[in-house]
Structures are given as C-alpha cells and as structure tokens.
Amino acid sequence: MDLSLNIADGLMLNNPVMNASGTFAYGREFSEIFDLSIMGALIPKALSLGPRQGNPAPRIVEAPCGLINSIGLENIGVDAFLKRELPFLKGFKVPIIANFFGESFEEYIECASRLTVDGINALEMNVSCPNVKSGGLEFGRDKKVLSDLVRMVKDKTTKPIIVKLPPIGGDIVELALAAQKAGADALTCANTFPAMAIDEETWKPTLANYVGGLSGPAIKPIALRFVWDIHTKVDIPIIASGGISSYRDVIQFLLAGASAVQVGSMSLRDPLCFKEIIEGLRAYMALHHIESINDIVGKLRS
Amino acid sequence: MIDTNCHILENRPVAVNTFMLVLEYKKKIDWWPGQFVMLRLTEALDPFLRRPFSILDLGDNRLEILYRIRGRATNMLSRMGKGENLKVLGPLGKGFSMPRDNEEIIYVAGGIGLPPVLALARVLKRGHLILGAKTFREIPMLDRIKDIDGIEIALATEDGSIGEKGTVIPRFEKLVEGFGPGCMVYACGPTPMLKRVSKVSIENGVMCEVSMEERMGCGFGVCHGCTVNTLDGNRLVCKDGPCFDASKIIWRT
Amino acid sequence: MDLSLNIADGLMLNNPVMNASGTFAYGREFSEIFDLSIMGALIPKALSLGPRQGNPAPRIVEAPCGLINSIGLENIGVDAFLKRELPFLKGFKVPIIANFFGESFEEYIECASRLTVDGINALEMNVSCPNVKSGGLEFGRDKKVLSDLVRMVKDKTTKPIIVKLPPIGGDIVELALAAQKAGADALTCANTFPAMAIDEETWKPTLANYVGGLSGPAIKPIALRFVWDIHTKVDIPIIASGGISSYRDVIQFLLAGASAVQVGSMSLRDPLCFKEIIEGLRAYMALHHIESINDIVGKLRS
Amino acid sequence: MIDTNCHILENRPVAVNTFMLVLEYKKKIDWWPGQFVMLRLTEALDPFLRRPFSILDLGDNRLEILYRIRGRATNMLSRMGKGENLKVLGPLGKGFSMPRDNEEIIYVAGGIGLPPVLALARVLKRGHLILGAKTFREIPMLDRIKDIDGIEIALATEDGSIGEKGTVIPRFEKLVEGFGPGCMVYACGPTPMLKRVSKVSIENGVMCEVSMEERMGCGFGVCHGCTVNTLDGNRLVCKDGPCFDASKIIWRT
C-alpha cells in the first residue's frame, strides 16, 4: 500500500496529510505529543521579513463548528526562523513548506529569496495579506495583482511555489487559473473566510480586531466545492484546506481532486488527530484494497 | 501532557451556578497548582473548542474541577451526569512558583478564581487565604475550605452576607502592609481584582503571582490566541502561564 | 416597547423576524404549529413564471452545523401561487414578501409585474439563479448584469425591491453598492454558499445534483461580517440571512447594522424557533430597558 | 404534530447494532402505524438536523422506537443513557391506509424496515408477516414478534440461520399468488426489496403500500428535500408519505 505522492519537484510526500500553517506554531509543542516524522509535510507559522506582534487579545473565539481568529500573523520573522526553528524541524526528515507573506511586493520577494535554503522544500504564499500600497486590498483578491506577485516570486526562488488562495471576494477559479498561468506549482485551497463575532451583552465585537477568519468543519462543504470546481479547470496539484477533521474528510477531498490536505482547526481541538487521520486513511485503503493514494485523487463517480 | 477519556463520577452543585466535577482519571501524572486541563465535552463538533479549567485536585484516580456556569459549554457541562464521557487534555501550563522559605503567604481569590489558589493553599498548608464573592450563596464548599490545615481564612462579600462587607482589597492591604516585602502573594479572580492586587503588591515591594484568563484556541501553545502583553513582549497564557509575575503584566484598559 | 420598523414604503414590520424563503413552503405547514401573525413578515418559496420540478433526490444533506440543499427552486409558479396560496397568506395580516427569480431578464420582469398585486408588500429578487443567456453564470455574480436586472425590474413594479445577494464569486460590497445604485430598496444578505458533499463509501456526490447551497449556523460568522461590511457602505436597509438560530444572533445582526433578519435552516430543525426568537427579543429588550428596536440597529460599540 | 421534550427510559441493544429506545412521552396524541417522529439528539448545533424514526408504539406515556446504527446520529443515540433528553416532533406523515374488510393482509419487512410494519400488524391483529434479515442475530425481539395475536410469521435470512434461506420474495410470491387480487400488501425495507414487492403485487393485481425513505431536512413538509417521484408528480415522503401506493412510485434507478 502506497500513500506517497508527488506535489512538485523536490516535494515528495510520504502521505497526503500536512498540518495547516498557523495552528502548529513551529512544531515544538506537537513534537512533545507525537512523532512529527509521521506527517506528510510540516508547515510552520506564516513568516514575514521582520518579527510581528500580531493583533491585541482577544484574538480567538469559537463559532458554530469552528472558530474565528485574528492572530494577525504574529511571528518571529524569517531570519529568527531560519536560525532558531528550522534546524529543529529538519530533524524529522519530512518535507518542510515555509508559509510566508509580505505587505508589499518587495517584502514577498525578499522573504522568498531568504527562504530559498537547504531544508525548505517549498514555499506557500499566503496572499490574504493586505497590500499596503493598494489601500489594504488583499493581494489575492485581484487576478492581475496575484499573477504579478506569483511571477515575481517565482523569479527569485528555485523552490516550488504553492499559492494559498483566499476563498472570498473574487472568483476562486479565476484566481486559481491566474496563479497557474503565472507559474504556481500547486495551489492550497483555501484560507480562512472573512468573519466576525459580536457579544450581544457588551454590544462590542468579540475580537479586539473586530474581524477575523473563520476556519473549522463549518467551512468544509464550501472548501470541498472549491476543490471540485478548481480541479476541473487547472492542471497543477491542489492541496485542500478547510475543516478537515477525519480520514473520511480526507477521502472526500481526494475524490474531489485534491492531491493532499492540511489539517488546522481540528488539531487545536484534538492534538492527536493527525495520527488518527493518517492511521484511518491506511485502514480505509487496506479495507478497500486500494493500492495507491493516487487511485483516489479526482476519482469521484457519477 | 496527555489526552485521555474520563468518566464523570460526580457533577453536583456546590454553590449558586457552581459545580464540583469529579472525573475518573486513570493515568498517573505529575501536576502543580495553577495548572489546568482542556475539557472536550462531546465528540460532536459543536461546541468545537475545548474549555480550560484549573485543576483543583488530581490523584487517586480522581480529577477534581470546580466550575461556574458562564456560557454555552459550562451550561452543557452542568447538565451532564454520572457515567458520561469527557476528554481531558492536560496538565497544561505553568503553575504557581514555589514560595521562598519562611515567607508569609497571602492567597487572594475572587469568585470562581478560587480553584487554583485553593489548590495551592492545600498543597503548601500555610498562609492566609482571602476569599471574595458577591454573596454567601456563591461560596462553594465553605466547610472544606475552612478546614485546610495551616491556612487562615478571611471572607469578604459584596453584600456583607458573610465576612467583611465589600471587596477582598481592604483586608488584603492590611495583611500586605503588616507582612511587608517578605511575603508572597498568589491571586486569581476577575481582572479588576487582579489589577488592584498587583498594584498593592508592587507598591509594597511584594512578589505577586496572578493566574490570568484569556480565550483559548488550543491550550498548549500552538494557536497563539491567548496572548497576554508583558514587559517581555507577547506571552501565551496557556504555555508561558497561566501564572505570571504580576509586575510583568501590561494590563489591557 | 416597540419592535416595529420600516424597511421601505409599504413594508412596515411589527418586528424584525421573518422566515427565509424556501424553508417555509407557502406557510400552511407552519400555520398548523403556531400563529403566523406573530411574524415580522412572511416570505413564500421562490417563484418562477411557470411551475418547476426542481432537482432529483437526494436533494438535502446535513453538514457540520448546517445543511446543503439542491432543491433546485421547485415551485408551483406565479399564477398558481397568486390563485391558491396568496389568499391564505393574506389572512394573517402580516406583510408578504414574494421571493422570485427567472432564467432570463424577461422572466424576471414578467414575474415582477405579475406579482405586483394587492396583498404583496414587496418583492425579493433571488439573483443566485443561472443566467441561461450568459452560459449559466449567476445573475448576481456580475455587477453590471445585476444592476441592469434591478433597474429593469424596478421599472416594471411599484413594489419595493429587495435584492438577495449571493455570498461568493464577487465582492459582496460592490454588488451591494451596484444594487443600491440601480434602485434596490433593501438588500438581503446573503443567500446560501456554494457547497458540496461526497460519500466516501460510494465515491459519489451525496446530492444527485452534485452541488448545492450551504446554510445554517455554520455560515453565521461570515454573514455577520457581510452585514457589517455592507452596512458601513450602503444607505438602504439590510435584511440579514445566514445561520440565525436564536434571539442572541438577532441582536448581533442588528448591532452589525441589519434592520431585520430571516430565519431559515434553524426552523427546519426547531419549527417553534420563530416564537422563541421573538419572545427572546422582547425579553432582552425589557431586561435592558431598550425602548425601540431601532436603538439597536448599527449600534456596535468600539 | 407537537414538539416535546422526552426523557430516555430505556435504550438497550436488542439485536446486532439494533436498539430499542423507550421515551417518556407525556402528551396525549393520536397516531397510526407508518407515522414517524423527528428526533433531535442535542441542544448543541451538531448534528444539526433531526432524524426520522418510525413509531413502533405510542401510548401510556411511552414512545417506543426500534433503530439500527447507520451513521453519526444513530451512533450517538446508541451511546445515550437513561435520563438523557431528546426532543421529539411528531407524529408526522401519513401512515398506512386501512385494509378493506375480509381482505387477506401481507406485511413484508426487510431489516430495519420492521418497525412500521410491525406496528401495523400489532394494531390490525390479523394477516401474514414476512420478515427478512441478513442473519438470525439481526432480528430484534423475535419472541415478541412471534407472539402477536392473529399474525402468522414467516422468516427469511440471507444465510439461512433461521427461516428460509434467501430473501423474503419467494415466500411473498407464493402468498400473493395464493390469495390473489383480494389481498393487501404493506411493505417497508431496503429499496431493492420494495421494488420487487411492488412489482410482484402489481403483476398480481394486488394493492400494495410501501413506506419510503429519503433524506429529510424538516420532516413536516416545508423544505421540499424529501421528494419522491410519482405518477402524480413530485410528492414529499414526510408529508404525502412515508406510505405510498406502490403503483404510483417512479423508482429511481
């Protein structure tokens, strides 16, 4: 039985299950609970050029079957990551995908080039960051901006580029096509949904930042539809993200056309879910006599 | 830190809206007062996140938690009965630090801030516990509290129904001023109380540790949701705390 | 204490709670469970010019904190509605809002003009219907198409026009502004989210139609954000729709800027929720000494 | 139709993956076999929709339901215990119609299609019940079934562990052909069985009613999710059914 798959040159996974960026910190806490070498890939928290404080608290709140976060991309910055965290992560002999972002084209490019080092297998671009120059509109909302950005980043790195699409505000299929055309090697579909929570007792927004991003099982049916819609249009591999909580969900996303999946919110609730999901996948394949994970990808029946 | 399934042994009211939850906890594991667990109420996906609760006691196959109904999850929890299952992740966080020898100890608890402070008093077996509440009926297990070896108890209620009328602060000020810089303060309770306790402690040159609360996503340091602003930068309540040196906290307005 | 509010000329509600279209049929079933005259307004199932069969079964499936439907706008058609159902609904002395759609501009216009009769207080345009002429793209996805459509419909009716926005595929704030500019009297925000469910045992889509729309509490945080975003940009009243399940949710949506709300999925689960929500609202206002519902609308504190 | 809170009195296994659920049902209300209720398992929002279950018996403050574990909700239900609460909406739908006088009656039940058919047999107290299952261990409450006044029982199991080996169809064909057009058939079970039973009935000029299943959003006719295609157009399983004249059904392939 073979769970391995190839996303891009230099990005071969032992199995299709990765963590999602931002719900795993830099891996140290999870490494104390289970052996990270079982993972398909490891994705540390989003990195920016310099360190960032993020938003004030409260910056997380529960939602029906999910949660809303406004962490605000707090992180230690690329250099500190390379020095203090990467050596630790490399020890697990699992591909490492660095998630990064910037507030300008220049920052994206500089990040990408600094992250082009041994031990990092691919770069995942978080394009849901406000573009300071264009009045705060997210980079990923505009086809043209997105494709310029992807093209410029591709130029500056030899690593495979994975573009993580924003789910709302534009047509995700068009954004996917634009990213592919600009040279993206794979797509992550999708980031959190713009959301909000209000406290009816205080009449205030629950998050200090007013708004945040919704994640968790709540968004799964929408993410599944995105993967299906995009899969029928693009040729590059899709990595699914959005509400995946069990091996069943993984099979569903693979059938819809995803090559791999990321698990975020569910691992906040059940830190051992990675193990359960990977073992569940193995058991499912054994039970159904499926030789290779590739025999599931995109195989939805009519 | 381990994640384990626990049966409910008891879940009974002990004060207004306040319950004592006793779980069968079969694992052997070290813990220290101030640490907490994350409880998962149901296998179903709503409520989605676990909720943090201080460890009141852990040992002899029993985990004790004292909780008050605050919102959805605590409401649901209060309706669960013997034999039902919970998932328990813990022990989590850093508990209170050890006091230095010969020091006087003051414990200050407001409302449902009681559990971690009570746990510490029971373990250390010396010092003065000041317990504040709105009214008599909100104080749980008064008999048990009064009987802790080596601990002197003072009560304050807003309505004066038991102990001094008002907050814990006047009594606390008197004690701190009496003991002077040699004493150690441990506090848990509503933020305004913690702020006052910190201020008074600092003014008197007294070490003070506060157990902080913040909305939590994970409880073990990976989501960075539970941040607290300190003089050393952002710190995580769940991992760097919940117990912090009060002089380091930058209080939100 | 005053729960009444004015949405548009001829559309004065006794309270801000309506049903959502499509989860209430034509009102007969609910009328056997509670007195419909307690409602703020009644909105029958979406109407098209002629009767429609809808999609084949299965056409409903549960999702985390919600459900996905692909009913396919089954309905008895405008004429049968006017003859057989409207007289019954008029009996409750509650404003009636007719939800309607077409597959072409002409159908929308013809529907609107036939629905311009006594006893109907306003028209709610469902623009999440595929436009046959433009290769199936939904009317509501394109600013230009949407504003042409709204303008033409406005021309053909004297009734207030409420445009029900689609949540995904375009920028909802821009769509809202386009609808307002074209003459919409109010906005419903928003319709169901494109979604999908797959059965990992049969490897088939669960819905016979492959895809459907997600509704229920799962989408509430996104709908709340939409209302907030739109509220700060448009001047016409907003009617919130998306996952409302309790009086608490109603207060939250009012604070974010909605003037009224629709309850859909929750009433499938708990048919008596309308009563509970309206009573809860009253009790909340009494407890907090709030004189008028208008003292809540848009009053989010910072 | 009313919506009411019910305590669980019993919830015990009676066959493989099959449970007898007894609820305390305090309202007085008329019902008829074939009707069903929608059960809400939890106040929490997941699982979100209620689930339909046939009424096996209702009266004397008791509601009986016989169910098999199929997916998430039935799994959760099977782990609920005495004293826990469910919300029950019902009775819903149209039950089976009354047979005409002097007619022979054949009841056909496959697997967990048993409850509505069994309920009818118990009320009518005459006729022949053919019960099919995969194996002996999947048949619930065989003693009680065998003891129904006036009912003759025949069993068929796929593995032959009890009764005839194979499906219910051979025995059913024999009975129908014997009785001829005068008899009345009531059936509930897996779709392939229902299709066969319908076909045989129609070929023999016999009236047949089938209790249909479809995924339900509401259970009372407002969402139009549970449509079944009939010669009279779309019909709703929850409101126009679940019991339909078999000759009207246009079966999905």
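Chains here go by letter, A, B, C and D, matching the order in which they are written, and residues are numbered from 1 within each.
The rule is short, and it goes like this: contacts are C-beta pairs under 8 Å (C-beta built on N, C-alpha and C of every residue); 3 or more make two chains touch, one makes a residue touch a chain.
What you are looking at is a predicted structure, and each value in this text was computed from that prediction instead of being measured.
Of the two chain pairs examined here, B-C and C-D, it is C-D that is joined by more C-beta pairs in contact.
Between the Cα centres of subunit B and subunit C there is a gap of 46 Å.
The distance from the centre of subunit B to the centre of subunit D, with each centre set as the mean of the Cα atoms, comes to 53 Å. One finds 36 Å separating the Cα centroids of subunit C and subunit D. If you average the Cα atoms of subunit A and of subunit C, the two centres end up 33 Å apart. The set of subunit A residues touching two or more other chains comprises 63-66, 216-217. Multi-chain contact residues of subunit D, defined as those touching 2 or more other chains: 45-47.
If you draw each protein chain as a dot and join the dots that touch, every dot ends up joined to every other dot. Subunit C contributes residues 22-25, 29-30, 32-33, 45, 53-54, 56-67, 69, 71, 74, 216-217, 245, 265, 267-272 to its touches with subunit D in the complex. Partner subunit A is touched in their complex by these residues of subunit D: 45-46. Contacts from subunit D toward subunit C in the complex involve residues 1, 3, 40, 45-50, 87, 89, 214-218, 220-229, 233-234, 239, 252. By the touch criterion stated above, subunit B contacts subunit D in their complex at residues 42-47, 76, 81, 83-84. Of all residues in subunit A, only 64-65, 217 touch subunit D in the complex they form.
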